[in-house]
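Can you keep this structure in mind? I'll have questions shortly.
First chain written, first letter: the chains are A, B and C, and each begins at residue 1.
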Amino acid sequence: MVPALIQFDHVTYRYEDSVKKALDDVCLTIADGSFVAVVGHNGSGKSTLAKHINGLLLPESGEVTVNGLSTANEENILPIRQTVGIVFQNPDNQIVTTIIEEDVAFGPENMGVPPQEIRKRVDDALDTVGMRDYAERAVHQLSGGQKQRIAIAGMLALRPNILVMDEATAMLDPRGRSDLIETLKKLHAHGLTVIMVTQYMEEITDCDRVIVMHHGKIAADDQPEAIFSDQDLLKECSLDVPEAVRLAETLRTTGLPISDHALKTEQIAEELCRLL
Amino acid sequence: MPITVNDLSYQYTDAAHSTTALSHVTFTIEEGSFFAIAGHTGSGKTTLVQHLNGLIPCTEGTITVDGHSLADKKERSIARALVGMVFQYPEYQLFAETVFDDIAFGPKNLKLPENDVKERVLKSMELVGLDPEQFREKSPFELSGGEKRRAALAGVLAMQPKYLVLDEPMAGLDPIGRQSILALLERLRSEFGTTIIMISHSMEDIARHATMLLVLDHGQIAYLDRPEIVFEHAEELFRLGLSVPQATYLGMLLKQKGFDVPKSANNAEALARWLKEKIDHA
Amino acid sequence: MRDITLGQFIAGNSILHHCDPRTKIVIMIVYVAMIFLIKSIPVFLLPLAFLILSLLLSHIPVSYILRSLKPIRLLLIFMFVLNLFFTRGEKIIFDLGFWSLTWEAVMQSVFITIRIVLLVTGASMLTLTTSPIALTDGIERLLSPLKVFRFPSHELAMMMTIALRFIPTLIEESDKIMKAQMSRGADFESGNLLVRVKSMVPVLVPLFVSSFRKADELATAMESRCYHGGEGRTRLHSLQFTRLDLFAALLTAGFFAATLILYIVL
């Protein structure tokens, strides 16, 4: 058994002045080392879920625990936030200082890490996201994708076990988006637990688990291929499928035997080569 | 009459140095076309479209809109009324107390009589799918993300532009929102003959809707042709940091593996038919 | 708007870049005192020499410093004219009856202009050679003795850091909003003052809305990165005085003493 890292126990949450439940009796366990996607249309509760993991939002009822620590206990908040890094949607609004390396240092500085150790952590984090050459540049000279990589580095400098991407790719161009996904895959391969909140279905084909949110509830929790082949679910939750899956569907209707496991065009090509 | 851009160059000068944003760009946008512009971040797309209604003054080269030169101040204001501009994330420019007032901002600036303003606002709201009864007195800041986007779009449509320029109009929207914007653009084209000029990263959308595709790279025109012709250069497009529709990509992968995929198999259906035939024969 | 160099920083490796920010801030204060002590125009050569010396030591291109004056050129002209009109004097150059141009007024105008130019270029030198974090760190440390009186020196420094970080973003954003409203026929250039102020509403409202959103999101991001006030914080670059600072202090003291002597003598 892989130990549970994050646990949601009957969590319900409502935003101020709202009758609608943003999270409605959510139960969820995320194991250490997993690569999980959380999808759903706007207002489905996927971001609310993400903000519960590091105690930015606290459940109205129920409990969220990270490494066995409850977010409801105020003393646990700093240790939890060190464990859970979170990157948000707008690249411009989460970088605190003008110079890049100083921003990456912000987290460890808050935790009172000694200067030499901060230096090392900053350099390591910038290396990991491939931005070491930019250490002394100003933030506003970067593209959106580069800013998001700096935001990730800022989190890595806190040495977290979990990285939550709260729609962090939404404002990026395709190149920035795919670079970011590559970075995440690398981090996951190094043992980080990655939770990716997104509405871009292309991004979740590499995940080992997809959680579909709908009206504050978990509508499905399965592997990507199972989600993409469930037409009723996709329609009900107004989700898209990746273009490659749509292409595979067209090939299937023409009578070509493409399997459900082909989620990327490369995989379709491989299957076709075996047929031809 | 078309929009013509002739030998346009532009340099940005910031505190440190000057960078070339556009260099010797020449093209024509035909009336009634769906003109797509693609290019990676920093290729000059936004700079280029901001030239089209004179927001960035044309320093080298010439631009004419229906024969009106943008170099002349008086002609420029005529041209600006012809070319509507929808910025990236246009909902961030909403400002008025009610949705009605926000959409009315443009027509009021045109000094139209009150009745005409009202008519245009209601017409634009109907076009973008915001029910006037329900939304006109609402504050734009109370709307949902998708509704804000449509309200902002209505604000530009109320200018009744002949040419509509859009800078990534679908960015950040969910699938339903994306589809509704694309449907609106097609409706504007067929019903009013509006020319659509759209910056987009989605090659699928471009393949489905655009009649022409301009690919920019480092401020220069890399390709300018019908989308299906441009997509024949799939490998070069990948090198420019762009992508191609998945069907084109599949064709490219099969070609790399030694199959001679015909040029005519350039969309999903045609490719599927060819593959089926080939497998049935084998 | 891209001309604003005040508050911008150019990374570099010069002697000036390596000075402790606290030293530079104190020198800046002394420099300002110098400028305000001066009563006769030739003495301005002293702070001017000081400025040129630091410019040479900083490796910052001269064009940068000159560009810092561009945004304030209207202010300069305004101050110059204002002083021409409202300074009273004896030595009349010519007389129009209701108003006369006096020698004192001309001198006063030149004086004020030189002062502002020296002030702004000096301040630009400070920000161009000192990273915003170093600058705010310096201010925080210089003000830290005031903590005894519950003065929020850390909070003040953090606010300045964030303000400096967001200046370029907000400039870019207001530029974009202006262009968007211009595309809808907004006119920011004609009409009287009242009309023009009113015409800015469609720019200012979205700018405020977006600033509040930014502040909100930034606060969330800072919280997520374990920010909990100034207590127990460490710094990546801890501040340290070196021999360089001593040298800079002595040099400044020399210039200041010279100014003081000339102030007393003249």
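Here is the rule we go by: contacts are C-beta pairs under 8 Å (C-beta built on N, C-alpha and C of every residue); 3 or more make two chains touch, one makes a residue touch a chain.
For clarity, every value in this text was computed on a predicted model and none was experimentally measured.
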Most contact pairs found between chains A-C
Which chain's centre, taken as the mean of its Cα atoms, is farthest from the centre of subunit A? C
Nearest whole angstrom, what separates the Cα centre of subunit A from the Cα centre of subunit B? 30
Provide the C-alpha centroid distance between subunit B and subunit C, rounded to the nearest whole angstrom. 42
Touching at least two other chains at once: which residues of subunit A meet that condition? none
Give the list of subunit B residues in touch with subunit C in this complex. 13-16, 50, 53, 55, 80-81, 84-85, 87, 90, 92-96, 105-106, 109-110, 141, 155-156, 159
For subunit B, which residues count as touching subunit A in their complex? 40-42, 144-146, 171-172, 174-177, 201, 204, 241-243, 245-247, 249-250, 253-254, 257, 259, 268-269, 271-273, 275-276, 278-279, 282
Please output the residues of subunit C touching subunit B within their complex, sorted ascending. 2-3, 5, 8, 10, 64, 67, 173, 176-177, 179-187, 201-203, 205-206, 209-210
Can you name the residues of subunit A that touch subunit B in the complex? 41-43, 143-145, 170-171, 173-176, 199, 238-240, 243-244, 246-247, 250-251, 253-256, 265-266, 268-269, 272-273, 275-276
Residue positions on subunit A within touch of subunit C in the complex are 54, 56, 78, 81-82, 85-86, 88, 90, 92-99, 101-102, 105-115, 118-119, 122, 136-140, 151, 154-155, 158
